[in-house]
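For reference, the structure I am asking about is given below.
Naming follows writing order (A, B, C, D and E), and every chain is counted from residue 1.
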Amino acid sequence: MSNELLYVTNLNTAFRTADGELSAVRGISFSVDKGETLCIVGESGCGKSITSLSLMGLLPSNGYIKEGSIDFAGRNLTTLSKEELRKVRGKDISMIFQEPMTALNPVLTIGYQLREPLMLHKKISKREANKQGIDLLKQVGIPYPEKRMNQYSHELSGGMRQRVMIAIALACRPQLLIADEPTTALDVTIQAQILDLIQDLKDDLNMGVIMVTHDMGVVAEVADKVMVMYAGEKVEEGDVESIFNSPQHPYTQGLLRSVPDVDDPSFELEAIPGSLPNLNENITGCRFHPRCPFAMDCCKTESPKEYDVNGTHRVKCWLQEVREDGSAREKVAT
Amino acid sequence: MEVLEKKSLLKLDGVQKYFPIKGGFLKRVQGHVKAVEDVSLDVYEGESIGIVGESGCGKSTLGRTILGLEDITNGKVLYKDSEIQSLSGSKWKELTKEMQMIFQDPYASLNPRQRIGNALEEVFVMHTNLSSSERRQKVYDLLKEVGLKEEHYDRYPHEFSGGQRQRIGIARAIALNPSVIICDEAVSALDVSVQAQVLKLLKNLQEKYGLTYLFISHDLGVVRYFCDRVVVMYLGNTVELASSRDLYSNPLHPYTRALLSSIPRPKVGARKDRIRLTGEIPNPANPPSGCPFHTRCPLATDICKQAKPEWREIEKDHFVACHHVEQEVVN
Amino acid sequence: SGGSDGGNASTDVPQELTYASTSDAVGLSPIMTNDSVSSRIIEQVYETLFTRNPETMEVEPKLAESYETPDENTWVIKLKEDIQFTDGTPFNAEAVKYTFDKFRDPKTAAPRASLLEPISEVNVVDEYTVEIKTEKPYGAMLAALSHTNASIVSPEADKAQDLMKEPVGTGPFKFVSWTQGDQVVLEKNADYWQGEPKLEKVTFKVVPEVNTAISMLQTGDVQFIDAIPSEQLKRVESLKNVEITKNEGTPMYYMGFNMNREPMKDLEFRQAAAYALDREAYVKKLNGLGVQGNSIIGPKVFGFDESANEEGYSHDAEKAKEMVEKNGYGDQKLTILTANTEAYMMMAEIAQSQLTQAGFNVEIESMEWGTFLDTTKEGNFDITFMGWSNSTADGSELLYPNFHSDNIGSSNRMAYSNPEFDKLVEESRSNVDQEVRQQKLDEANKLLVEDAPAVIMHHGVVTAAYDKSVKGLQVDPTGQWSLYNVSRE
Amino acid sequence: MIALISRRFIQLVLLLFGISFLVFGSMHLAPGDPATIIGGPTASDSDIAAIRDSLGLNDPFLVQYWDYLKNIFQGDFGYSYQTKQSVAEAIAIRFPNTLNLAIASMIVAVVIGVIAGIISALKQNSWLDVTSTVFALGGISIPNFWLGTILILVFAVNLQILPVGGLSAPFWTVEGMKQLILPAITLGTGSAAMIARMSRSSMLEVIKADYIRTARSKGVKEKTVIWIHALKNSMIPVITVIGLNFGFLLGGTIITEQVFAINGVGRLMIDAIAARDFPMVQGSVLLVATLFVLVNLIVDIVYVFIDPRISYD
Amino acid sequence: MSAEAVLNEEIQPETKSKKEKFLVTTFKRLIKNKLAVIGLVIIALQLILAIAAPVIATHDPLKQALADSELPAFSEGHWLGTDNYGRDIWSRIVYGARISLSVGLLAVTLGLLGGVTLGLISGYYRRLDGIIMRLVDLLFAFPGILLAMLIIAILGTSLVNVAIAISIWSIPSCARIVRGSVLTVKKQEYIQAMRSLGASDFRIHVKHILPNCMAPIIVFATMRMATAILSTSALSFLGLGAQPPTPEWGAMIAQGQNFMWTSPHMTIVPGIAIMLIVFAFNVVGDGLRDALDPNMDLNQ
């Protein structure tokens, strides 16, 4: 039996809008193994959340998967019926949403929302579910969980809401956890606690994790693999050491340079100049080229191929070709 | 960046905010969540003051209370010597021109039925006499400044990504060049590159206009980079206040230390041993007696359970509320 | 007698009858009420001294034995003996005096007080003889005394209880219960002086909607309804289990002109309007529930003479147009004020259309009943429609209130004033010789028809529809009926 | 909450004062005189004067009002001008019928309305939605008179399975229920229509919300998503409409009461107004006002239970 | 001066185009909805009927022909039959559209104005809530007929007064519906955000709370059309407004009810007319709601 949990090939997701069709995700392929953590990083608006939602089959009403397949534990999720998909969700795959305030139902108690997946998928009594729910809240570090069970989302702080979301997602011990910026609203001590919790579950259950985050510290701590996205495309992918130690794509390099360093008081921030192109912007060649300090002529005309850096590390950048023959260095634009 | 003449712009005096807890069949008030217990603070003109602390310790509530969005339970907030809570009508409008807030939840703070272009333009409609084409131009500039595009003008909030929405919130807050901005997790949803861009923008504005920031954040790296001083809050109380340099190099309060030790470093395998807080997490509705941190403090002794530690200036401009600081310092 | 023949056949049908009316009785005291629904019930529970024979229309004694008029202002009435009210109180001269005195007492504020207004004194002569004195001779005395409102009440009961709620009379039925707004239940008076009635129990049910009442008649929930609106007649006629009676009746409906206003003051105007009205077409629309005629006094009312129908102004569209044109009646906008009930609205709509065709410029203004009464009383109208049920079936009781100048400002809504006519009416009222009265009334009637302050729309037809199992029901021309002889088979 | 309730009761008292004064005033202002109506067209001037006097209508307006108030404080709501019955008693006889009818038709309305509305919302723009829309619109555009009469014709006259009218048996008996069915349907359709449209539209408002997505992400059955997660969020306008309609029904519904020969408050009030029976009108208006305040209080309390963010203090 | 003028000139097309753009996009979204288009067509047709009544009507709507009364539909010369006075029903429907549509629209508009204002204020200001809501209760409890009688007594009888009377009946319902929604909406964070931006209460109400309460208001208004048209008849019966023989749909239905057994078409025909118009307004309302809802994907 293979160790592969999720295998996404050539995922294309688009939106219907007043201005026509917009492609938010453009032909992304990746895989997650059991017990593996894949971190997705990339610029804000590059399509990380939409990729996650595509996997869940929960795109906004104007979004749809145009192309591609999502194989999860041997089944292609894109072809499942609504009902079959429903049975997978929450039990086998669960997701932590990015905005906890709007993602929690304002008129149902935290307790209700937490008990629901437990009772549904584990078929346990309400009382039992309540007990387990309290345990879950305790695990995510919420003080006085008994009381919180009866509260509503607007009575919680931002971080508490986020932790409630996490507790809900973890409730049924899924095989695959998709966490969209799960710890942005948490202070570092609790963040560490949550990351530990996920790590433990991963070890215990052999759970696969897809984590979307901006916090490079978190990436360094939890990731096995990292996928870097830019403007709807995957630009680089590799195991965590390789990405951190030898980032290949100019965007990845820029990203890592922008991380503020706590330990260095004199640190100066460095942002990548320019901004993310619009979804409907028609950019020929490499989508990063307008911002790329190394852009070459070929970058403007032709999409880069995918290059293998080492066994696991792949990158989509013409520079690789240049590097391979080592002759065209001078072509690098300033 | 020594502040020569410290002029207090915003003064918090014993600010306290309790929320009623309702329950039972008739939804009677059964107690109070003591979200902000006792916060006194001088915010100086032109500085950035970071507010950090455990999730749920009352940072957002403090921010909202300062702006008068929550009724204050006790205490006073003085802006330029006038009490904010008693402002009304036109005075209030004046104030909002000078004091702005970036909300923690950008999605919820945008009207779902308003195109974001209009949402931004509205700020100018309310406070300026600009013509509509000027306003529009301003909005385009703002969008560009926060890394969005003119094309985004006609979109609705739900058509954005989390980070994009956050930037809209930022754009809205800086639109009028206020003097004070309360940033509640203003950059948390941004990737590091955009974050860097936005932080630079905020810094530039500060340099240009002498802006003052109250910067609530969990990202201690960002706080260190961005803030001149940092307040650490725990369970509705301030527990430590120092310049960021001092705080990061010489944290005194055990909670601050635990916090700093837990920062994940962006290097693979760089994970240090962090201080794990054990013990019971206190309930804000029924905070522990004495020092609020004693239930989880590795140094806690009997006195911590009985007496609330005083807010003391241990070193110059370094305040802390802990019974055991001297002892620590000596050690 | 009549009832006992049917006795055998009727064994399986309970001797119970349910009657439906569209509104609830106001009350069950003849003294304090003035509405038709109340009078339907009162009629079964109480009795009057005299009664009008439904066939001959002659007044006959009922509780009275006989009467004499020693002088024009005195009526001595002998009463029947050995009659008791259902509470055991004996019926005697005392009771009659009590009833009439109470009725006339201004403190009582009886709504129909005008009925006995000419009476100045009621005296007990002996146990069974009363003497009624009037100031002026009162020709319609017997008609008044046969009016339901002049029913005799039990003095004991009236003192002990509220007759409005718990009536006590000498009639064939006695009161059982009343659920306000819903129903009144009566049961037979086993001790009734003429012998007990055949029906055991009678229910007067309130069914506000005629459609529903007819449905109930069809399903057998109700056995008897009356006053069927003309629009519903076809439906009722189609019901297989239902019998319908239609009799010419005393009610009359007329178009009245405001005699205080121009141009209605103008005889020619009124004539033109009368010519313009195609009353034949209108009466046809009533599906047989109306009788056409020019006479104000209807065929079933005392004082009527066939010749009066020849007088007046029958439909002549050409003549009407001519007159309108000649006098420029079309130049002025006039309103037809009408109460918003079906029957009047129909008159108004048809008349408005016909008058318009003749060149008049008329508009309809409809009003709710209470407002209408007020407005017409104040004389704020040009043309209006009104009706009179003639429950005494006596012409004086029609002409005096409606057209006599005494009543301008109240029931003479048209403010018609004609001394010659007034005199004739007064004579008809003050004469006790019925021949003379007939004569005077006829004269007054013809004068009125000529003068046309009012144009008769139609004379009513009283109707009743009842289940085929109901036998022996007879409806008076006044619309009243007694259930005494009714039985079910 | 207790504060809310007690505040409402104080307001209620003030409201009752206000409305009694207004009604009293407008009855005097409106054309039509009780005495003329009692007397009828036959009455002579002196008859009417006597009636006016006996009703105390010759007193100045404020004196009449003051007397009325004084009596009310002694628990006496007066006597009908026309029938001389006690107002309190007259209302007491009719109110149970009205209440029965109101509850029954509200049940019909809520059940049909909410279900139809939700189905419509879920299958937006499908033939199911269009059908339910058309039915809803039929429900509101068909006059009760018409519907009631047709129902009687079909079910009572032709099929003979239900009684034509009346409401004599208590509603918990079989007979009582049978009597209630047709009027309840007649009355319920209008409210059902409104409720259906309201539910549909508010359901559509919330169905796209993020928390619905969250519910789906938990693998919650679509039914639960709708009936729990979405419904509760969309209930506020629906509850408002239910409250409104219930209030209206409690005030009595003239047409339906007439068509089905139901002895209810609506008919009482309309007859009283027609007869300018001031005390009776007053009594019924005070009842209706009180009921409205109570119903609205309940609605306001329900709001808090539906949406915890709402508070009144 | 001249510079200013130039400036102004520049501005105006801008503002206009922005509003225009909003209307155009809303309209575009609206006409994507097939039902809404049907609704728009029905409304347009009815308007044409009303305006071009003299051309379209086959008979004088007031002309009686007692001999030809109660002809069924599809009779010769009267394709929708005649009423109990022999008047041509089609012609009456056509002319009646004028009154029924204008009274219906006016009444609903007035009712909305009053109701929405009261509802907004009462929902937003806790202090005024009690007073306004009790006022609304008072309006509820105040008997409608008495109100109509008062209006006749004080204002007189006219079609506008009919609309006023009917609109007063809608105010309380509308106010409560709006208030209910405001209570939820005002607690949303974006309203607080607007406050912190210094928005005036008026702006918050009109630009932020109101659009987010639109759905129930649209439903209420479109449904109310039916009630408004139907209640016109009750009022004209009392003498307020259109008097017979003026054709008016509600009155036609009321009159026809007496002939339900013999000539049901007398009620059915105007009934269908009302239903059509109410259907039209409702589906257009639905479409509008969807078109105004940015979250709604109209292309699927």
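Quick note on the criterion: contacts are C-beta pairs under 8 Å (C-beta built on N, C-alpha and C of every residue); 3 or more make two chains touch, one makes a residue touch a chain.
Computed from a prediction, not measured in an experiment: that's the story for all the values here.
Counting C-beta pairs in contact, the chain pair with the largest number is A-B. The centroid of the Cα atoms in chain C and the matching centroid in chain E are 46 Å apart.
Rounded to whole angstrom units, the spacing between the C-alpha centres of chain B and chain C is 89. Separating the centre of chain B from that of chain D, both taken as means of CA atoms, is a distance of 52 Å. Residues of chain B in contact with two or more other chains: 105, 107-108, 158-159. In chain A, 18, 60-61, 99, 101-102, 154-155 are the positions where the chain touches two or more neighbouring chains simultaneously. Residue numbers of chain E whose C-beta contacts span two or more other chains: 145, 149, 152, 187, 189, 260, 293, 295-296.
In summary, the structure contains touching chain pairs A-B, A-D, A-E, B-D, B-E, C-D, C-E, D-E.
On the chain D side of its complex with chain E, the touching residues are 7, 11-12, 14-15, 18-19, 22-23, 26-27, 29-32, 125, 130, 133-134, 137-138, 140-143, 145-146, 149, 193-194, 197-198, 201-202, 204-205, 208, 236-237, 239-241, 243-244, 247-248, 251, 269-270, 273, 281, 285, 288-289, 292-293, 296, 299, 303, 307, 309-310, 312-313.
Chain C makes touch with chain D in their complex at residues 23-24, 26-27, 32, 34-35, 106-114, 117, 162, 164-165, 179-182, 205-209, 211-212, 215-216, 218-219, 221, 368-371, 373-375, 377, 386, 388, 401, 407, 409-411, 413.
Interface of chain E with chain B (complex): residues 7, 10-11, 14-15, 18, 188-190, 192-200, 203, 207-208, 211-212, 292-295.
Those residues of chain E whose C-beta lies close enough to touch chain A in the complex are 25, 187, 189, 295-297, 299-300.
The residues of chain A lying in touch with chain E in their complex are 16, 18, 60-62, 101, 154.
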